[in-house]
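In what follows, chain A forms one complex with chain B and a second complex with chain C.
Entry: the complex of A and B
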């Protein structure tokens, strides 16, 4: 079952088209990542999903509720963590008071609120700093506090808009582990936006690549990589003279042949026919092959290839 | 019940913030005292100097005190929802409040009630301090129930106006400073509703202006109840204030809801899109 099912979502800000007929389907219990550069429309999309913004065109449902007509029900079942540290964190309250305040705003009973706040502080590793002012703790901790607000209520859909932006490396890793734990422990469906490729690769079941408001591709990380296996590169370390090297380069220019410091590079998949053809030619030319290695594309390279920015 | 608790939480939030920075809290109290004192100072001299004022009003200082206290309280309240929105917006909390269905409403209602209580206590303290000094009729002779009832209706009307003013935060993108609705109302009330001087001193053709605001009737009724001006029919004043309340409150809520929808259609409740 799809938790989020939107079709043809279009949003303009003035003349600027932020989203252009975006379709999105997020399955129950998955971590779905919207990957895109700054200004790709990720935040706009996430705000539309939680009904903080209304689309100019398009329709669909979130958690089975109609996006345009049942925004109150959607809001009552969706949690949002905004991209900037401090969003929703009140500096005039302590860490614990912040969560208690939000527990009331989200309609928890006193008993539930106390229990959930204690649990959340422990899960987030904030219990030790619960009595400190929110403005006194580190940015990473404040971001966790923002996430704590969102998970207090155990909504079935958690929207994380660039949750690790501006965090230090240690906080990033701990937060990513925490995001996985939330999904595993509570079965929460998580829709994440990010422009960090490693983050998408580490966390996501599926990835949507958004560029200039348009969906370029939606697939699993593995499938995405397979899709562009043609961009897989092999490197052949070989001993040869420059005349032979030139001949080989001109013969395989169609495979992006490149030679430098006794290393040939070809953009062909490992163990493919093209690779066999190249190796055969090396043998015929009498070139001594020292080593053959391959390099799989990272998600970043995949992304750049798909968005057409690879140079 | 959940919504009431939410409103109380927002009130507590504001109270906590004021305790965290007590200097601002104390300055607010001093400012209120000084504002009233300035007008009483003016009144004291005008009373002695102006024959025309003396011919209309027995105790001009008391007359001024009632006008200024009612006006200042209303003025603070009219600004409260807009200021609450503006603060939450710039402190990056407004959008998150909007993730709760009643969040933004709870914020403005909580702020309005807190301001009403906090400011009301200051104004009452001013009244208790100054009243015995100005040889005004004894407070014990007031019809307290009438005051509470009329003031309640007046405050409901003010809340309606304040919501209309707060709507400009979204409609006109006025993000800080003073919004134009409450500013216009305040300016016109100051000039034409008899806050500082009797309307009898005005040309007849200008006297109607003040009457289109609930302030005029509240100030008029308060002066009557406190024995500082001629007796008026409080039932009639009550009916007029009730009409204001019945029209302004639903209209204010309607406009404010439209403003939130308007914001959600455009860039939302934050600058981040």
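Entry: the complex of A and C
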């Protein structure tokens, strides 16, 4: 069953087209990442999913509720962590007081609230600092506290908009592990947006690449890499003269052959015999090969290729 | 029913939270005690100049008592009318607006809840004004018809909060995120400042301004409270333009008008706020994070 199922979502701000006929289907229990550069439309999409923003066109359902007609039900059943200053954390309350406040706002009884807050503090690793003011803890801890607020109630859908954007490397790593744990522990469906490729690669079951409001591709990381990387890059460090180099370049122009600083570069079809073909030619030409390496594209390169930003 | 309880419990949680935050700024307490004391002193000095001015006659003859009630209405109005816009701005700018919207709370519950900060800040000033006025400056009071007095105070609170919500709705309706908010400016800083009769009876105003004052709940609340609470206050002499054409007890006419204004302003305020939020949902200005 799809937790989010939207079709043809279009949103304009003035003359600017923020989303252009976007279709999105997020499956129950998966971590789904919307990847895109700044201004790609990621936040606009997440706002529409949680109904804080109305689309100009398109329809569909979130959690089985109609996007346009049952927006209040959707809002009451999704959790959101937005990249705001303190993600709903009041700096002058203690860590525990912050969570207790939100527990009541989310409609938990006093007993449930105390139990859930204690559980959440333990899951977050914040139990030791529960009596400290939120202003005294690190930015990473505050971000965790923001996510803790969002998981106080076990909503089936958690929306994370750029959750690690302001964090240092260590906090990012810890938060990513935490996000995975939430999904594994509670079966929560998580939809996150990011412009960090490694984050998408590390966390996601599936990725949607969004560029200038258009969906370029939706697939698993593995398939995405395979699909785009129907090519791989080969680098051959070699000793040769310019005449031989020119001959090799013209022979393999179909592989985007390029020569610079004693390095030949080729882009060849993946799983093809191109590598052997090229190496044979080097041997026939009497070129001395010093080193050979091949590289599948990272998700980042894939992304750049898809969005047309590749050099 | 469960939903109603969730709203109530949330309002209590807001009150508790705002209390914790407010008491963390200890200097607040000192500043507002000083503020009220200085205000009371100023008006005591003015009362010495005024002596027994006959203009306040229907409201007894104690100008300090007259002003203490004016100050009290001012503090309530300043909070209820002036602060909803600022409080909505606060939850918008600190990024919690969207979180409240993604919760079981009704649209206005967070606004009511967050208003506790203003209530904590301003309402004790009413008690201090009474205390200083009575202890140091010779104000005296009586409490005729205490339930009517309580009802008038509640109606003043509700009606001014209704205007406050109209002002708050402009945050979304007019997309006013910074600068002067026009509803608050026109009501609080112009009409109320001139015509509410905080510090003088409206009978001293030109007739045109007296008519303007007729659209303010303050006018009716202060008229009734001064008649009922200041010794020597007259319950029968008409003062306000409406009382001169409507031949019923002035206090009763005040209560009726106040009740109508309360219903009108509170519904209009909530309605316009909801319309504003819906407009902001369409044009993408509902939340700060982009």
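Structural remarks
To be clear about the criterion, the second predicted complex is superposed on the first by the 303 of 311 C-alpha atoms of A that agree within 3 Å, B and C clash if a C-alpha of one lies under 4 Å from a C-alpha of the other, contacts with A are read in each partner's own complex, and residues count from 1 in each chain.
Criterion: a contact is a pair of C-beta atoms (placed from the backbone, for glycine too) under 8 Å apart; a residue touches a chain by one contact, two chains touch by 3 or more.
Keep in mind that this is a model prediction, so the values were computed, not measured.
When the two complexes are overlaid on chain A, chain B and chain C occupy overlapping space and clash. Legend: residue contacts after superposition of the two complexes on their common chain; A:88 is shown touching both chain B and chain C. Within the superposed three-chain model, A:25 lies out of touch with both chain B and chain C [touch as defined at top]. By the touch criterion defined above, A:274 lies against neither chain B nor chain C after alignment on the C-alpha atoms of chain A. In the superposition on chain A, A:43 makes contact with both chain B and chain C. Once the two complexes are overlaid on the shared chain, A:76 sits against chain B and chain C alike.
Within chain A, the residues touched by chain B in the first complex and by chain C in the second are 13, 43-44, 47, 50-54, 75-76, 78-80, 82-84, 86-88, 90, 92-93, 97, 101, 104-107, 149. Across the complex, chain A meets chain C through its residues 11, 13, 43-44, 47, 50-54, 75-76, 78-80, 82-88, 90, 92-93, 97, 100-102, 104-107, 149, 161. Every residue of chain B that touches chain A in the complex is listed here, in rising order: 2, 5-6, 8-9, 12-13, 16-17, 20, 91-93, 95-101, 103, 106, 261, 264-270, 272-273.
The touching residues of chain C, counted against chain A in their complex, run 2, 6, 9-10, 12-14, 16-17, 20-21, 24, 94-96, 98-105, 281-284, 286-290.
Chain A makes touch with chain B in their complex at residues 13, 18, 43-44, 47, 50-54, 72, 75-76, 78-80, 82-84, 86-93, 97, 101, 104-107, 149.
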